[in-house]
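Below is a structure I'd like to ask you about.
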Amino acid sequence: MTGRTGIEVSLALSEAVKMANADVIAAYPITPQTHIVEHLSELVADGELDAEFVPVESEHSAMSACLGSSAAGARTFTATSSQGLALMHEILYIAPAMRLPIVLAVANRALSAPISIWNDHSDIMGERDTGWIQLFAENGQEVFDLTLQAFRIAEDPRVMLPVAVNLDGFTLSHVIEPVIFPEQKLVDQFLPVYRPQIRLDPAKPLSMGMFGIPEIYTETKRASEMALMDSKAVIVKVWDEFEALFGRKYSPIETYKTEDADTILVSMGSVSETAMTAIDEMRADGKKVGLVRIRMWRPFPDEEFKAAVAGARVIGVTDRSITPGSHAGPVFMEIRSLLYALPERPAVFGFSLGLGGRDVTRDNYKYIYDQCQVLEDTGQDRYEMVGVME
Amino acid sequence: MIEVRIHGRGGQGAVTSAELMAMAAIEGGKFAQAFPSFGPERRGAPVTAFLRVDDRQIRLREKVYKPDIVVVLDPSVMNISRVDEGLKPDGLLVINTGREAADIRKEYAFKQKMALVDASHIAMEELGLPITNTVMLGALVKASGLITPEAIQGPLSRRFGSIAARNQKAFDRAFTEVRMEG
Amino acid sequence: MTKIDALMSWKEVPVGCHVPEAGSTVHYKTGDWRSQRPILDREKCIYCAMCWIYCPEGCYEDMGPEEKYYKVDLDFCKGCGICAHECPRDAIEMVPEEV
Amino acid sequence: MTADAMIDFQKMTAKTIPAEDMLAPGHRACQGCGEVLALRLLMKAVGPETIAVSATGCMEVVSSTFPQSSWRVPWVHVAFENAAAVASGVEAGYKAMRRKGRIPDKRTAILAIAGDGGTADIGLQALSGALERGHDFVYICLDNEAYMNTGIQRSSSTPYGAMTTTSPPGKVHPLGQITWKKNMPAIAVAHNVPYVATASPAYHLDMMNKIRKAVAMPGAAYLHVYAPCPTGWRMRPELSVESARLVVQTQVFPLYEVVNGRYILSRKVNKPKPLKEYLQQQGRFRHLDDKTVAEIEARLHAEYDKIARLAEADAPAEEKEAKK
């Protein structure tokens, strides 16, 4: 597949995995991830992708098989959502600690109960601290691009960490929209064959997954934390290279009409597009409002974020999940604590919206803008769940 | 930007028709978006699908609340929901029906323009099945001019393979037989 | 070369905390776990290899067809007594380590 | 067994046991550990062209305290319940890389190794999945009949009447473990895998040949190995091998193979020794009265007879003929 095509975003993601020439895909079906793995199994069945498709019996085993495959030295992919990601939870921590460059697509979905098949970010926020590089896509093109980039980033010898590519379930995963597919030879140039420096190899036996006594555990955690922090510089370099080859630019933090904005809204994922249209409409009404979109959630790009919001008086952070018991969402907490140390800090307010598939609309963002002004004017500090029926 | 909402029942191809339109528009150099009303609906349940077409990049992930066009694949759906809900006053309804326009307007009190075609009849004759999605696309394309009729050929043949020709014929018949009203 | 003790700067921790040196527990001498040691009576020994087979540590060494016996490596012998118990000729005796 | 696998399989004799150990000394297993003995002999039998995947458990902990490893083959541990799934991934990765010409085209044995808890309890789902998918690997259950690594708690593989820290004989419930040992080999057989076998380290050549056969056999194989635990069983450490012998001689743990669904008894025990001989060495059975011991003995003999009948029914015609 090459050139500009109308395609379902899930299928575009699978095509990226095909163009990346993945060796092993171990996956278990869950809505709304299913179209990704269905298409991959078709590509394998038709011989378009020379890979082993391991139809595991659970997501726990999917991630476990991915660790095995990656440790063996194979380029490895899986995808999941929601409860499936939660079932992987235990194993998710182990992949970055063992420096295994697995690529995981998360078609983001709410967590039970009540069971909900629809989109929000509760699933990935539960895995925030697992040590994975976590990137968010806004549209189909980004899903394709980030998936390709994810392999390149993960396998970079300076990184060697797993990468989660987040795409909103249904809201993005099930949409048909234009995606530009590159030539395979350009992809091969960007993403060479994976040749790990260390792997499970009888010719050079090594042991992985050691027993860590207290004398060493702290140091191992520090080492993997620093690897994650240091990955940012490499990711940015990979994005520069990607831009040079494919002409599309990616940044850890992306801005929209923020230059002269006194109020900045913050969002992540596909609803950022709706937010941008809302910004256009508010700008047309004379409001000085801009949008900051977090593409790189982990490692969190502190400096880039501070630079992006410099000069703003008020910041309204939107979360697609909640942190029960804390009066705050995870993105909001991240940002407020980040900005707290600034000598002249803006007011930061938190809003959660779009939980469990509740439609996120332009009106939501206009409301959030208005609320930011009210809260600041009246000196209140209140976290709000937007649109909840009282 | 033109926004379209397609009403049908699970299994009638509402989603497929939105997809085919989006693919045709994208291949014609436009920007488009097609997506279903996401849910666990099974075969037979009323469903909707959405389509947006524009000349520039579409930055919107909301559902379609104020469509320019409503397409009704299955006339029985009109008895259980207001298919014209949110439809812009200068909008268009494209309806699968063998009935007279005046009849429909009287029964459902639609205020907008209507394009009517007996898609079920055409589908039975051309496809041997009461699946009206490709038929209704013929009517939609003619009534809306969203894409050229030629633009559908590529997406149709890729989607339907060996039965693409029959679908193409069904599309063509609806394109010719659609009745404009108002 | 793998470090023998676990005290190290985080910068020295191998990637993934992997251990590149195969079989490196040979640097960890378990012989000091022992409170009794096996003493072989070579007169009785028939070179049947049961001590070599059944030692959980794998610390018996084949001295070859000339010497015709198996020698225990006291660096690793934990003094479990399986060799003595399994010896078909009662050629091995467990004696207490001197206190 | 397919003809090809038969050709590859070279039977090991007392004279051909390799000198090299794939599991180095310096591991931290208890004195007299029968599990590490079984593991050492199994690894010796498979040799260096092997990748081992361990579940969390005694064998993992005693062999891998950073910065040292007892393993002389590439080894990976991920978690408790997923050794079979991790091995599935290793196997799939090897298969893909071999097909794509990135690694030499030769057979590498892939082993998943877990205890009875990691197999019969928490790892059962992952094991079932891997056996059903038919990955070319060998799953080894080292069965010491309780959660020894965490301090001797009962598992579904703990035998009836055994005392553990979570099946203590009390004033109201005097028996200890009140459930019968889960029949894991039968569960493996139900997956229609080409090779299932039981083994005991006391019968070391039988055990070493079974792992070699399991590796040679294409597809998934399951090996259930009896692994005496002096610490957990309240037994003198020098008795590990003897208990591994007695368990077979008393018909408690029959040694058999199931090759492509056909049962073969590896060791006929026509005149079983009294169960008491086996039980009395182990403090975990000390609380049992004679009546209970007799009940247990009757049931275990019946279980043995079932296996023996299956083996007899499956025996080739000429063998049956010869018997007459």
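Order of writing sets the labels: A, B, C and D. Residues in every chain begin at 1.
Assume a residue touches a chain if its C-beta (ideal position, glycine included) is under 8 Å from a C-beta of that chain, and two chains touch if they have at least 3 such contacts.
This is a predicted model, so every value here is computed, not measured.
Contact with subunit B and subunit D alike is made by A. Inter-chain contacts peak for the pair A-D. As a whole-number value, the distance joining the C-alpha centres of subunit A and subunit D reads 43 Å. With centres defined as mean CA coordinates, subunit D is found 24 Å away from subunit C.
Mean C-alpha position of subunit A lies 35 Å from that of subunit B. Subunit A and subunit C, compared by their mean Cα positions, are separated by 51 Å. Contact of a single residue of subunit D with at least two other chains is seen at positions 64-67, 69, 71-73.
Under the contact definition stated at the top, the residues of subunit C that touch 2 or more other chains are 6, 8, 17, 19, 21-22. Listed by label, the pairs of touching chains are A-B, A-C, A-D, C-D.
On the subunit D side of its complex with subunit C, the touching residues are 14, 17, 19, 21, 23-29, 31-34, 36-37, 40-41, 63-73, 201, 204, 230, 236-242.
Note for the complex: subunit A touches subunit C at residues 97-100, 160, 198, 205-208, 210, 212-213, 215-216, 218-220, 222-223, 226. Of all residues in subunit A, those touching subunit D in their complex are 23-24, 26, 50-52, 54-58, 60-62, 64-74, 76, 90-91, 94, 98, 193, 195, 200-202, 204-213, 216, 220.
Residues of subunit A that touch subunit B in their complex: 4-8, 32, 117-118, 168, 170-172, 174-178, 270-271, 273-274, 276-277, 357, 359-362. Here subunit C touches subunit D in the complex through residues 2-6, 8, 14, 17, 19, 21-30, 33, 49, 53-59, 62, 73, 75-76, 78-82, 84-86, 94, going by the rule given at the top.
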